[in-house]
Amino acid sequence: MIRDRVRALLTEVASGTVPVDHALAQLAAEPIEVLGHSTVDHHRAVRQGYPEVVYGEGKTSDQVVEVCASIAARAGRFLVTRSTLEQRTAVLARFPEARENAIARTVRLGGLVVSGSDTTRRVLVVTAGTSDLPVAEEAVETLAAMDIAADRLTDVGVAGIHRLLSRTDALMAAAAVIVVAGMDGALPSVVGGLVRGPVIAVPTSVGYGASFGGLAALLTMLNSCAAGVVVCNIDNGLGAAMAAARALSA
Amino acid sequence: MIRDRVRALLTEVASGTVPVDHALAQLAAEPIEVLGHSTVDHHRAVRQGYPEVVYGEGKTSDQVVEVCASIAARAGRFLVTRSTLEQRTAVLARFPEARENAIARTVRLGGLVVSGSDTTRRVLVVTAGTSDLPVAEEAVETLAAMDIAADRLTDVGVAGIHRLLSRTDALMAAAAVIVVAGMDGALPSVVGGLVRGPVIAVPTSVGYGASFGGLAALLTMLNSCAAGVVVCNIDNGLGAAMAAARALSA
Amino acid sequence: MIRDRVRALLTEVASGTVPVDHALAQLAAEPIEVLGHSTVDHHRAVRQGYPEVVYGEGKTSDQVVEVCASIAARAGRFLVTRSTLEQRTAVLARFPEARENAIARTVRLGGLVVSGSDTTRRVLVVTAGTSDLPVAEEAVETLAAMDIAADRLTDVGVAGIHRLLSRTDALMAAAAVIVVAGMDGALPSVVGGLVRGPVIAVPTSVGYGASFGGLAALLTMLNSCAAGVVVCNIDNGLGAAMAAARALSA
Amino acid sequence: MIRDRVRALLTEVASGTVPVDHALAQLAAEPIEVLGHSTVDHHRAVRQGYPEVVYGEGKTSDQVVEVCASIAARAGRFLVTRSTLEQRTAVLARFPEARENAIARTVRLGGLVVSGSDTTRRVLVVTAGTSDLPVAEEAVETLAAMDIAADRLTDVGVAGIHRLLSRTDALMAAAAVIVVAGMDGALPSVVGGLVRGPVIAVPTSVGYGASFGGLAALLTMLNSCAAGVVVCNIDNGLGAAMAAARALSA
Amino acid sequence: MIRDRVRALLTEVASGTVPVDHALAQLAAEPIEVLGHSTVDHHRAVRQGYPEVVYGEGKTSDQVVEVCASIAARAGRFLVTRSTLEQRTAVLARFPEARENAIARTVRLGGLVVSGSDTTRRVLVVTAGTSDLPVAEEAVETLAAMDIAADRLTDVGVAGIHRLLSRTDALMAAAAVIVVAGMDGALPSVVGGLVRGPVIAVPTSVGYGASFGGLAALLTMLNSCAAGVVVCNIDNGLGAAMAAARALSA
Amino acid sequence: MIRDRVRALLTEVASGTVPVDHALAQLAAEPIEVLGHSTVDHHRAVRQGYPEVVYGEGKTSDQVVEVCASIAARAGRFLVTRSTLEQRTAVLARFPEARENAIARTVRLGGLVVSGSDTTRRVLVVTAGTSDLPVAEEAVETLAAMDIAADRLTDVGVAGIHRLLSRTDALMAAAAVIVVAGMDGALPSVVGGLVRGPVIAVPTSVGYGASFGGLAALLTMLNSCAAGVVVCNIDNGLGAAMAAARALSA
Amino acid sequence: MIRDRVRALLTEVASGTVPVDHALAQLAAEPIEVLGHSTVDHHRAVRQGYPEVVYGEGKTSDQVVEVCASIAARAGRFLVTRSTLEQRTAVLARFPEARENAIARTVRLGGLVVSGSDTTRRVLVVTAGTSDLPVAEEAVETLAAMDIAADRLTDVGVAGIHRLLSRTDALMAAAAVIVVAGMDGALPSVVGGLVRGPVIAVPTSVGYGASFGGLAALLTMLNSCAAGVVVCNIDNGLGAAMAAARALSA
Amino acid sequence: MIRDRVRALLTEVASGTVPVDHALAQLAAEPIEVLGHSTVDHHRAVRQGYPEVVYGEGKTSDQVVEVCASIAARAGRFLVTRSTLEQRTAVLARFPEARENAIARTVRLGGLVVSGSDTTRRVLVVTAGTSDLPVAEEAVETLAAMDIAADRLTDVGVAGIHRLLSRTDALMAAAAVIVVAGMDGALPSVVGGLVRGPVIAVPTSVGYGASFGGLAALLTMLNSCAAGVVVCNIDNGLGAAMAAARALSA
């Protein structure tokens, strides 16, 4: 593509239509302008399959609503994460058809009804403890926002290993598994040994003392003895869902 | 494969050809491990799609050859990683048809000829610098060992961003992208913004001073501003390949 | 046990009572279902000797009371840790016979009256400073909840070593010693050199500056020059009590 | 200079004008007094080209106003950073002609009108995301306070690399570039590869989980694969501006 | 034993067989150290139940043999850890009846024959991978040196969870369990959920990349979701055995 | 001393006055009771030259007053550190003659009037910036409480090195120098090169970003290129004063 | 230079001397990389003002010579860093006119004679101790390779502050100052307070114990109390020189 | 000493014996450095009470001998630390009267005979274990080099607390105590509680696993519960001795 444009330019130089110095300037800028366009959000929507997610933290309710309206106008949908109750209330006032998830701290317009969907390829979101739920729910909501159905398998930490093993069927049936765990972060290693598909591990900051805000679980997961388990940032339910979406598009 | 063998055995039991106790003994030797025995490798081969990988570090050449022979007898293939030249020479003496990759420090029996394969779904292994090559090659060899074709895109670090951008077509064509980078570990963020499919980031211990053995690149990747990029352990080309294989099976 | 069940299954296959495909499905699920059961709490109560402890942090008072009621209905007892005054008040309103310990931030139903018990095998909970008391009291309450009598030896930090040495008799008489210390975390090393029985060290986040939230004390204890001293997570009085209970059941 | 004064002193000793002990005392104090002067702020104003910056954090509004008045009396200008709304309001009450920047949390007397200036050598302040703005604005205000014109290029993080590349002209036209980025901190590496002049990287504490308060971005920048990129402290917009001013004075 | 010797001495004093000053001199040489002298080893033997262990690292073979002879003369037994082949050969030349364990890097005089003992209370030493064996063997040898029988359960890492579960009976039968694991260090959490007795976790430096020399496994174990699991220093098989001995003496 | 008591005991055994078993019990307890006494505070007051300092943090005002009264009754003086305004007000209500220092967050009974004292051996407390003052004042007050006169030299950080050098005389005249610095913590190295006496470095948590709560200054000071500079915990003005007092008693 | 070549080419196209397709092929081989190809080094030479530096570590002598020859053919100059004696000997055998610096571990073709140059704008490279020399020399050689004159000021650490102060004139005369320091890393703060121009701090791994491989010095420099001091990676003399070159081009 | 020489010189100038310019040249060569020259060592000798210590690491034997000769010529004494056997042999060949200490890795000319001195003010160097001896001996030798007598108290770690307590008299008699400890680093806290004078803690890198090269002991000591204990860098016996010398000069 670029090669053709350069050839065209050179032809114009050869024919005298374009002066040398003008061509020189064009060439210097070429690798940029040909692909580049300044409208950032559109670009992401096209490339990544979903419009920019609205990160609520540090924004006023008005700012959140404004950004949501802007995205909705263009994409017909939006997702707000890490939002406060006040932010969500403001969004719902403007978009009454939006769906709120208080545990996930999300509100979104469009996407699947989480539990009512009936698709064949589903993501399973597994949590070690109940305190890991907010991160898991953020993943579930993000998946739903991207029209991907998700199921939950909660409170199956490895200290009671039979809880997990009794659900091996659910694990094996999933197209991808997101494993959310704090404290020792040991669950993804066990899950990784049970299933063959993608296993996306999300450390949470759940724990106290030497968990160091999720560092312990993060290191555990990076060192998983189950090969091919991959890791997201601490508490990053959004990123895990995005990673699952990437895997499903492989 | 194994499932078929068990079904065959059960059929023989049903038909009276094989006595119950004999079948019980057979099952005990099967990789399903229903009856609790210690033969680990069989089980993993069934669940994870590839027999146990032989980790060369800390083993004698004789030990490596012995384990390879044991796995080859059962699975018809093997993969040795982190091997020394001496270990590889010993393996090749026993298995002349095995393939050695000195940069990757691997030797394997079976799997694809790396560059000659022509399959539609291919993994692209991208490296930031030439020093990241050993890790990238380990990934390529592991993929080939699992019959997955891989291409390489090398030395396209972000300090010369046009090198990467000029190959956007290759990035977009890949079923999954493994990005190997040391030093600042910035490459996966750029790649993650360019492609929609799975992006698996592998930090390497390449760098000096405050790279702290790959910690800098690891943290960079975990904090990638491109959503859905997932991370493996430092220098873990094997794990990245396994993760790509998991994604392709999603 | 499992072997017998598989043999029985095979016998049924041989006799034609069970079809091959049905047996195949059974075998695939075997290692899980034989041991697995989904009622999580029961399992823990049976295995670990005490029902699930209720962790107060992040729960509403209503949630805490509800969980307590559920556990009490089944086990006749409960223990709530890391609770707020409001949570404890709510629990006491519902279970007037429950015992509150404001320093330990616990409330529990059942178990020993802490100081009034008179059993031969007792745990000694030692603290370096008065600021370590909340962690120590959490340990004492947890022990009492498990019907294990405990004594306290407080404010015997190593900077005034004679305070500790003057109580060597108490140390030696204990069936197990829990040592709670922040700052330099040096106390367990001295105690470990004085007694022969189990010494369980608990670092606390007490300290300032380079204590780094208990990290300094944690590292001290892990490197104790008194062999056989073991370590719990920072501020983990509950875990230390559980460890003592495990030791007493050895 | 000092040599001359010592020679003069020795000449006085030789001529008997100065007694030996007096000369001895003079010599002992020489290397200090010759250069030393106790008025701290003056010294800095002379050496560093700008009077002492007033750091608002931890000061009362009265203290801030008092220091501002003292500096203004001497230098005719001042800059307050990390200020609260209350502090800025107090300063503006006293100095109505001062300029406030709420995002930058600064208020200053004197210096350029940020966007209205038209000088040939300008600094470009680039940010990866909108959350990095406060740090970038602190840099812009500090530059303006030192009479250096600055332009902004915001929200051009590497996950959407074309946003940055489409502005290569602006990057190349700048006399120096300050790059402000949190999360993965990857932006300075790309910028450093595009421009030849000074690139000053400022990590921000923007991010969550394993960003560890900006540590991830800091390490990324220190390990930049673009040679000659230099790094400031986390969130240190003031320092970056000072560094740019130093570069412009090279 | 020593207590009996002191009693005997006192009886002789009471009976007038031994004069006061002679008894005083004897006591001064006794391990009780009532009279303050520097002979360290005796004291530890009395208090801790085993004479001082000889740490081989950094000692010459001659030094090791000399210390062994000194301890053997007094206690009739010794244990050398972290020894080189050369050190062990030297010890065996002097004490042909000593037992060497090359994997454990130990040599000892006295204690149990490891696998041949038949006692009712036994410690089970569990390892996640074969690379953890040296640490596990150090624990086994230390236990044997203290006359405590131990069994091994090797290579039962959580990525193949059925390997472990198929041996639940062995886990439950043990008086105490030592769990040795590197990489993700997840095994103790699973074991802790399966057994009620003491579970002593030992992180190993096995792993690469972000295992950071065992730090990852250490943090995992400290944050174990199985309550009451306690932790030793990295690679500290000796300490784990000592802790098990303490638990058995509770 | 102990030897004599044992001899006396043995003599009583020899004479039949004390039975063997009674003597045995005495001997076992000997090394402890001879030195041990349980009254903690007295011991410290005797050994360390000052009664226990009252640490205000986490105590109620009533508790603080009560402890102060207890110590005052015995020692005639007290020192409260890290106190709130409310705590100090309560102490002053009870002890109107006590002296409050709001910056130091201390209140004390007895000791020197800080600036009015005229002793020959004085400690100089040097600070790098004005934000380091609270820590410096805590040191000054603690010294005064121990009847040691102190002078202050403030805001002489190394970025304006002549401020410090112009006061070399004060530095050299001091019996000991306490250097309080945050941020880069560079000041003690310069001071350590200028004076010959004790230099006690105190890192403060002043700074932002990569100061990591004083860790940067702490490491700087531990690595000081001026030999013999010693370091206290972060923000530990109390400890620095105690160290100076120890040095003055050398 | 390259720009001129492209202009010349375009002129030939305009004049018809060179056909379009031939020009297209030429451009594809040009360093501007308009047409997307992989020849990395050319591009960097244009943008960054110097061809790719050859990093010796991990390369064979043959590889180093080959790369040098390739770069020399194109650019007429090269610089090899982190080289071994063997590598340098091989380079000198091929390029007898190259200059070796054994302390810097560099060899280069072209550039200035370090100390003989007489230019008005010079960089001053300051070191705290003699152990910092290799890093300083790497900076000096890199500067010389880029035709920038440099002077050295060595062994002027802050523990003997007068050594530095006696050379204030040299500091002030420099166009930019590179400050190389290990251990406490305090020197850049003092220098930063003395000069107004660019101060580039380079931490070195010199030191022991708690210097943690240069981390202490790195943190010191990042927290410098002299505003506008910027920091490079540990031991990165090359990067510091590049940064100085960037500043001089501002 | 030097002061006297300057006074003598000035007197000669006053008397006309020495011309002004000659005196000026003399002064320029004097350690006071009034006239700004680079001869570092002289200055330190005057200020710090001992000539520059020769750090052996990284120097050739010839370099060490040369530096020793230079210092000896001026000061009549020298101290070499961190030296190899080869370096010490070379020094002894040149200075047969020098004293070598192989454990301390030092060789020195001048100073006290370590154990034979009989002075009233003595430093006590205490070690926790025998592995800490090299650091302790370095301290002892450095003290002796500075004419300060030192005694040793070895192997009195806190796990056998009575070893230490039986020597309380020695502790109390010392003018200053240096406490050298690795592993848990707990010993200084106990010593700090027993003595009133200066306690200088030196962490050593002795230990394994989570001692992290002495970091554990370092943090322990910084957080010592015995107020006024100060800390040196890891393994820094030299610095501890210097600190003791500073304290003795208070």
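Each chain gets a letter, A, B, C, D, E, F, G and H, in the order it is written, and its residues are counted from 1.
Keep in mind that, in the parts below, contacts are C-beta pairs under 8 Å (C-beta built on N, C-alpha and C of every residue); 3 or more make two chains touch, one makes a residue touch a chain.
Note that the structure is a prediction, hence the values are computed from the model and not measured.
K.L.:
Just to be sure I understand the contacts, which chains border both subunit C and subunit B?
P.N.:
Intersection of subunit B and subunit C contact lists gives A, E.
K.L.:
Just tell me the minimum hop count from subunit D to subunit E, counting one hop per pair of touching chains.
P.N.:
Tracing touching chains, the least step count from subunit D to subunit E comes to 2.
K.L.:
Specify the chain most distant from subunit E by Cα centroid.
P.N.:
D
K.L.:
Need the most distant chain from subunit A, centre defined as the mean of C-alpha atoms.
P.N.:
H
K.L.:
So how far apart, in whole Å, are subunit A and subunit G when each is placed at the average of its C-alpha atoms?
P.N.:
For subunit A versus subunit G, the centre distance works out to 41 Å.
K.L.:
Averaging over Cα atoms per chain, report the distance between subunit B and subunit D in Å.
P.N.:
Roughly 49 Å, centre to centre.
K.L.:
Quick one: subunit F and subunit H, Cα centre-to-centre, how many Å?
P.N.:
Going by mean C-alpha positions, subunit F sits 25 Å from subunit H.
K.L.:
Return the residues of subunit H touching two or more other chains; collapse runs of consecutive numbers into ranges.
P.N.:
33, 35-36, 44, 159-160, 162, 165-166, 193-194, 209-211, 215, 218, 222-223, 227, 233
K.L.:
For this structure, enumerate the chain pairs that meet the touch criterion.
P.N.:
By the stated definition, chains touch in these pairs: A-B, A-C, A-D, A-E, A-G, B-C, B-D, B-E, B-G, C-E, C-F, C-H, D-F, D-G, D-H, E-F, E-H, F-G, F-H, G-H.
K.L.:
Across the complex, what residues on subunit D touch subunit H?
P.N.:
That would be residues 2-3, 6-7, 10-11, 13-14, 16, 19-21, 23-24, 27-28, 30-31 of subunit D.
K.L.:
For subunit B, which residues are in contact with subunit D within the complex?
P.N.:
Of all residues in subunit B, those touching subunit D are 128-129, 157-161, 165, 183-186, 189-190, 192-194, 207, 209-212, 215-217, 219-227.
K.L.:
Within their complex, state which residues of subunit C touch subunit F.
P.N.:
131, 155, 159-160, 162-163, 165-169, 208-211
K.L.:
Please output the residues of subunit H touching subunit G within their complex, sorted ascending.
P.N.:
Those residues of subunit H that touch subunit G are 33, 35-38, 40, 43-44, 58, 203, 205, 214-215, 218, 233-236.
K.L.:
Okay, in this complex, where on subunit B does subunit A touch?
P.N.:
44, 47-49, 53, 121, 162, 165-166, 168, 175-176, 193-200, 218, 222-223, 227-233, 238-239, 241-243, 245-250
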